[in-house]
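So that you can tell them apart, the chains are marked A, B, C, D, E and F in the order they are listed, and the count of residues begins at 1 in each.
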Amino acid sequence: MPPVNGNDKVLKLGIPKGSLQEATFKLFAKAGWKIREHHRNYFPAINDQDISCSLCRAQEMARYVEAGTFDVGLTGRDWIMEYNSDVHVVSDLVYSKASDRPVRWVLAVKGDSPYKRPEDLTGKKIATELVGFTKRYFEEAGIPVEVEFSWGATEAKVVEGLCDAIVEVTETGTTIKAHGLRIIADLMHSNTQIIANKAAWQDPWKRKKIEQIDMLLKGALCAERLVGLKMNVPQDKVEAVMSLLPALNSPTVAHLYKSDWLSVEIVVEEGVVRDLIPQLCEAGAQGIIEYALNKVI
Amino acid sequence: MPPVNGNDKVLKLGIPKGSLQEATFKLFAKAGWKIREHHRNYFPAINDQDISCSLCRAQEMARYVEAGTFDVGLTGRDWIMEYNSDVHVVSDLVYSKASDRPVRWVLAVKGDSPYKRPEDLTGKKIATELVGFTKRYFEEAGIPVEVEFSWGATEAKVVEGLCDAIVEVTETGTTIKAHGLRIIADLMHSNTQIIANKAAWQDPWKRKKIEQIDMLLKGALCAERLVGLKMNVPQDKVEAVMSLLPALNSPTVAHLYKSDWLSVEIVVEEGVVRDLIPQLCEAGAQGIIEYALNKVI
Amino acid sequence: MPPVNGNDKVLKLGIPKGSLQEATFKLFAKAGWKIREHHRNYFPAINDQDISCSLCRAQEMARYVEAGTFDVGLTGRDWIMEYNSDVHVVSDLVYSKASDRPVRWVLAVKGDSPYKRPEDLTGKKIATELVGFTKRYFEEAGIPVEVEFSWGATEAKVVEGLCDAIVEVTETGTTIKAHGLRIIADLMHSNTQIIANKAAWQDPWKRKKIEQIDMLLKGALCAERLVGLKMNVPQDKVEAVMSLLPALNSPTVAHLYKSDWLSVEIVVEEGVVRDLIPQLCEAGAQGIIEYALNKVI
Amino acid sequence: MPPVNGNDKVLKLGIPKGSLQEATFKLFAKAGWKIREHHRNYFPAINDQDISCSLCRAQEMARYVEAGTFDVGLTGRDWIMEYNSDVHVVSDLVYSKASDRPVRWVLAVKGDSPYKRPEDLTGKKIATELVGFTKRYFEEAGIPVEVEFSWGATEAKVVEGLCDAIVEVTETGTTIKAHGLRIIADLMHSNTQIIANKAAWQDPWKRKKIEQIDMLLKGALCAERLVGLKMNVPQDKVEAVMSLLPALNSPTVAHLYKSDWLSVEIVVEEGVVRDLIPQLCEAGAQGIIEYALNKVI
Amino acid sequence: MPPVNGNDKVLKLGIPKGSLQEATFKLFAKAGWKIREHHRNYFPAINDQDISCSLCRAQEMARYVEAGTFDVGLTGRDWIMEYNSDVHVVSDLVYSKASDRPVRWVLAVKGDSPYKRPEDLTGKKIATELVGFTKRYFEEAGIPVEVEFSWGATEAKVVEGLCDAIVEVTETGTTIKAHGLRIIADLMHSNTQIIANKAAWQDPWKRKKIEQIDMLLKGALCAERLVGLKMNVPQDKVEAVMSLLPALNSPTVAHLYKSDWLSVEIVVEEGVVRDLIPQLCEAGAQGIIEYALNKVI
Amino acid sequence: MPPVNGNDKVLKLGIPKGSLQEATFKLFAKAGWKIREHHRNYFPAINDQDISCSLCRAQEMARYVEAGTFDVGLTGRDWIMEYNSDVHVVSDLVYSKASDRPVRWVLAVKGDSPYKRPEDLTGKKIATELVGFTKRYFEEAGIPVEVEFSWGATEAKVVEGLCDAIVEVTETGTTIKAHGLRIIADLMHSNTQIIANKAAWQDPWKRKKIEQIDMLLKGALCAERLVGLKMNVPQDKVEAVMSLLPALNSPTVAHLYKSDWLSVEIVVEEGVVRDLIPQLCEAGAQGIIEYALNKVI
């Protein structure tokens, strides 16, 4: 039972349980919300009286948001597509730290099998955790196949001869190759999405709260790959320095006291700094400092 | 693909993946077989050319043993009953160390709901991971209910009002109570079982191999709760000492060299030792030593 | 023996040994002093030749500061009150991270006892580690009781019937409830305080040094719950943006170079940021960044 | 409140909380009793309905056993002497594993002080946690001193000049030397003792239970430094082999089947094995094996 | 084989394997380059197509840079001197975090030996890992000695009498004293250096790349001991505040909007902040904040 | 300086420092000697007054045993061969637990190089840590090559083109393959050996002490792969049971008291137990128990 919070309105938020849960808690903390899990309980506390928080398997999130059990939730695009859920997609969240490659669902067969393309699987048996999506994919492609539900260890089923192909999730393909399988098609790429119940999205109070969460989660994610850069520049070199700065965010420039120097401050991608700094020095910037950011909106 | 081992015959053994896996590997090691997992692979190596080993979810084990994908496997009685699988139950293995209470599947409802007995749920919705078993249970009891599959976080579903009751696994009831639920019936107790494919059980070579595994696994489990006890007893007190010893295993008694003392050695439950030793001392035994056992057959 | 440091004057600083010690070392490090403990020694090194540092039980700190063994020390308000020590309280330090609730000393009785208020304990026996404080509390309230010293496991003494009530420290009441006890009064709330010897406080050199430590410890604590926020605002929206900012610290506002935009920078409570940022955006602020702070004075 | 166990009689057992607690739990486990602590609770569970178990500071144990709060308890000889408690000492338990030196309470002074013997401290101030014992010690020696209670960090008090000497516990003297102190007398050696309430010791049921615990704890401790040794010896060399064996336990000797060899089995100190084995080989023993023991009574 | 990167030019960078490796990887990460080690491989990946990265023992780095195997490398000054390598020293990098004392190579003898100065070792045997350097040192001093290579445990060799003195590396002298040895001379102080192959340093593209690495590594190291300080100052107190600021970096000063206050921002050594802040407050600065820096160029 | 122990004779024992050190300490502990390392000191304590113990790099052990610095030491056969040391090899110790494959020194070349056999390397450069052995190997084979000392990262040198081949140690070849190298010859297999100084081996007291160490180390190693098996057998089935038992150790057989059963006890390889037990049961053995062993001599 969600905690009573004395408000007329409460936003019901679903957090994916399991592998993404800790990263999600950290992201919310950076955005400004502390979520604390209770031992053996599916209803964590959140330090915002306007929100009631529930844990839910990523696979079931979209169904519960569609049904209005939750007003808003975070889950993978794959599970939204699996159930073809009728929800409003608020935005994409790319948790980019773990790896740079997207999660993808691939069609894989035994390494020594003759199958080269999805069409070659006509009449064959395919095992997958994503039965709904896989069935629709092959129906839309006009390829008749038998799709069987599998709860994991799916790679082993092709090896054992229990099916002819699998549709399985992978980042790098390592597990698939380790079983001697061969990928013959990428069926879908997936990332985390914020999804809202359609009625909740029409409610002005709920929509504003959802947009607040969305803005701050994205601000926190954004800050992970940006840094602040500040430098002093003599007035006659400002144009040269300015021309080097990425167009992304316009710099904050201010006159320095009793001098013809200017202070220039800008937010840039961490990845370009190592090339930018030597150029800035050459163009006349001095006293360059780089500092970390918590949020960038 | 299982490793080629040059034998005509190979016993296909299924090991349950997941929470029981490590305990199972340890038990096999004590019994005399070393199983080594390969990184990201479902086919661990075993140091016995007569066996090929596969990992498999406990939920799917019984179906695969029934189908002959595996000749023999270990899994919970609950999952065998869920699928009503047609397999030969070789024996029960009670991994007694973690806790002394059996795993049980219970029927639970909201703490403040009016339901007191299974009958009170007529026409209601029940969420469970054990759909097949639950349906049969209520059908046999003549109580019409709607049974819905749930992948976990099942307790939260009663709390959220998504169902009226759940059938869920528990050892101590802690998680169930932590959500404010109330248990109204125990539907089934479960423990690990060794199950064999019926054809494999008829094959003399395979049956002998299965019986070897069964004998040694039980010998290793058995040794965990037994100890060896050895003492010297003067001949005139042997009858008194003997009368104290549990009937379980007959003691090994031998004459000592050039004396009227006897050496008495016996295997007993560790739990009775603390009461037995003072009695043995009183009855005249001396030089009592206790030692640990690896296997007891 | 404190390390010789070649100065005429040395400030003798007492650090509480035990549960607060590590947090205190970290706080001093953020404030600018590195304290390094020597193995099995009560006199840690500090990188400031003007200070000599000693470890001391929190319980004994106030007595030693009163006696002039230390010029300044950190300890709990509870232990200062226990000994009714004649020291100068420089300031309160709330180490707020671990929990938001204050430490409090409560009067607790058996759950099933008839006692409801302190008065009900007339003539009864009370066990506590805080004998001096508890005696004075009941004397001042005109309630005659017997107070007995207890070294810990105090809850068990009520349970065992060795006393009728206890005065014990707690944050959340969990341990007290776990023994079936009931809290009937809050006798005192406590937090860490900086205390100075009265003569040392009159010595100008020592007082200046104590004030430096006080200022920087508070600056470091303060920075833990504040963040810096910086944004660009068009001149015609400055009033609107300004009106949203908390009055706490006046913002730093500067003209941007060759434009009618202003740079606005402010330090705010981390807890208000999630509500403030959407409002600032709506009011016309752009390029909002949030950054962390080491110290705020 | 101790758990209700349905017996007429219950033995109230006190276990020392703190540094010895884990070692004590392990020792009881080896002796045959599993003790399980509850989170934040002073009454651990024990798998024997005849015993109720409480945790208690080692310092307070003797007082509680004397008062009958506990029937039997384990604590240090030092704390029994501190309170001059009127209890029955059942036996000594030497937990010999951690170190081979006994715990001792020593009289220590500053390294550069003139004090050489206890007599030199006439009229001086001594700080100690063991006030009662220290006062009696100096009274009995006819040396008038002032004894002050200290809660720890006692070494620092001599260094700071707050007292002239300390009476402090030590194993190796390392902490004392690390503060530049010098030991001038050993006042008492201490080890763990099993103590019983005098009335409980007169109660036949309680005494029998206490003796059972005593026997099995000692049996488990004993087994830690003993091993079993077994060998085969030709009849004509039995006398030579026998003469090498320690007199401690008489060996178990048995005739081997259809041969003039004998099997000789003995329990010996682990420390002598490395010298004994080569001698046994030389004397004609063969097939020597060494095995570990759980208990030796 | 270094990774193919499609460029005409690649800078071959050597990273010291072993104790410095992790710190070096972290420093490069702060500077802007992520280096990822492959399991059991000496060629880590770096996220810059212009660089190919190799691991190499610090001892062999200078030889490989001299030979052109690497264009640039990091290693200790001691190993460069050992081989008298003909390389261009780009700059010194002081990894100051672990300790504040420099690494030094000292000449040490047995504590009770008669040797007091290097000259006393005429005709004696000296063991060291730094054979080349030690030979040259004594040759230049005109002291004939025998120098023997030692692979470690060098201190033990003096103790065992296998040599008369050792030349060994130390930070604090602790290991040397722990063996009862006495230091009689400091022969060399060492720190990490960036060294370049002489031909590579003449190649404009390579030199520019080396200078980029050098600038950013130093910028990252520098930021570890500096912090940013920002404050508001009324115009009539600016001179007083300015006079307190270290000359190192000129402050960034800007007029505040519609007021006679100025914003003053400066980068200072973390070590001076604790003294500077009270002075700044006294001089009239307000709203002082301190923040951390990633890089300072 | 080795600890003074008051004996006329002391055996100087060298223990290999580094990767084998902990395993060696454990093996000695099982054999009956406790070795305790002192912090930052090369002379660990040993609980035997007849032995003085030193740590020494495995590479230098043989030279020191040859020179008489140590009377006896443990090191790898490879390092003995490297220096062609004139020592007495007492015995081989196979620390078999970590892996079943022997350590071997192999000749490896780049994967795409033309070299197939040692002969193909005529006139080429070979890098290795084992310069002495490698030179002798190629000299004896009549193949002229240039051998260069390498301190590690040897694989990288072939990859970088700094040499044509390497002689490197490997267990499984994984690191070698991970660098794309190919093994073209196995030059030597190595294991730990106990070696003695030749004069010490002639001294009767020292030889006896060395033989004691050798006997007990081997006894402890042996016990790791053996177990004790005990069973009861009816007299008429003794022959059948006996015929199944391995010839290795003759069984201990004893008559049971007042019965026609015999007790049979034997030490066997752990690896055969799983096959032996079912056969023993079939042949009529009952009450079979398996127990672990500490030593088998």
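We adopt the following convention: a residue touches a chain if its C-beta (ideal position, glycine included) is under 8 Å from a C-beta of that chain, and two chains touch if they have at least 3 such contacts.
Predicted model only: the values in this text are computed from it and were never measured.
Enquirer: Which chains are in contact with both subunit A and subunit B?
Expert: Touching subunit A as well as subunit B, we find no chain at all.
Enquirer: Please report the smallest number of touch steps linking subunit A to subunit E.
Expert: Counted as steps through touching chains, the separation is 1.
Enquirer: Since subunit B and subunit E are copies of the same chain sequence, what is the angle of the rotation superposing the Cα atoms of one on the other, rounded to the nearest 5°?
Expert: 180
Enquirer: Can you name the chain that lies farthest from subunit A, using the mean of each chain's Cα atoms as its centre?
Expert: Between subunit A and the rest, the longest centre separation is with D.
Enquirer: Matching residue numbers in more than half of the contact pairs is the bar here; say which of A-B, D-F or A-E clears it relative to C-D.
Expert: Interface equivalent to C-D, from the options A-B, D-F or A-E: A-B.
Enquirer: Over half shared numbers or under half: where do the identical copies subunit D and subunit F land at their interface, same or different?
Expert: Mostly different residues.
Enquirer: Using CA atom averages as chain centres, what separation in Å is found between subunit B and subunit F?
Expert: So the centre of subunit B lies 40 Å away from the centre of subunit F.
Enquirer: Would you kindly tell me how far, in whole Å, the mean C-alpha position of subunit F lies from that of subunit C?
Expert: 59
Enquirer: Two-or-more-chain contact residues of subunit A, please, as numbers and ranges.
Expert: Those would be 254-255, 291-292.
Enquirer: What chain pairs are in touch here?
Expert: A-B, A-C, A-E, B-D, B-F, C-D, C-E, D-F, E-F
Enquirer: How about subunit E: which of its residues touch subunit C in the complex?
Expert: Listed in rising order, the residues are 227, 230, 232, 254-258, 263, 270-271, 273-275, 277-278, 281, 287-292.
Enquirer: Across the complex, what residues on subunit A touch subunit B?
Expert: 1, 17, 38-43, 54-57, 59-60, 69, 151-153, 155-156, 159-160, 162, 174-175, 178-180
Enquirer: For the complex, give me every residue of subunit B touching subunit F.
Expert: 31-33, 48, 208, 211-212, 215-216, 219, 223, 228, 238, 249-250, 252-255, 262, 265, 267, 291-297
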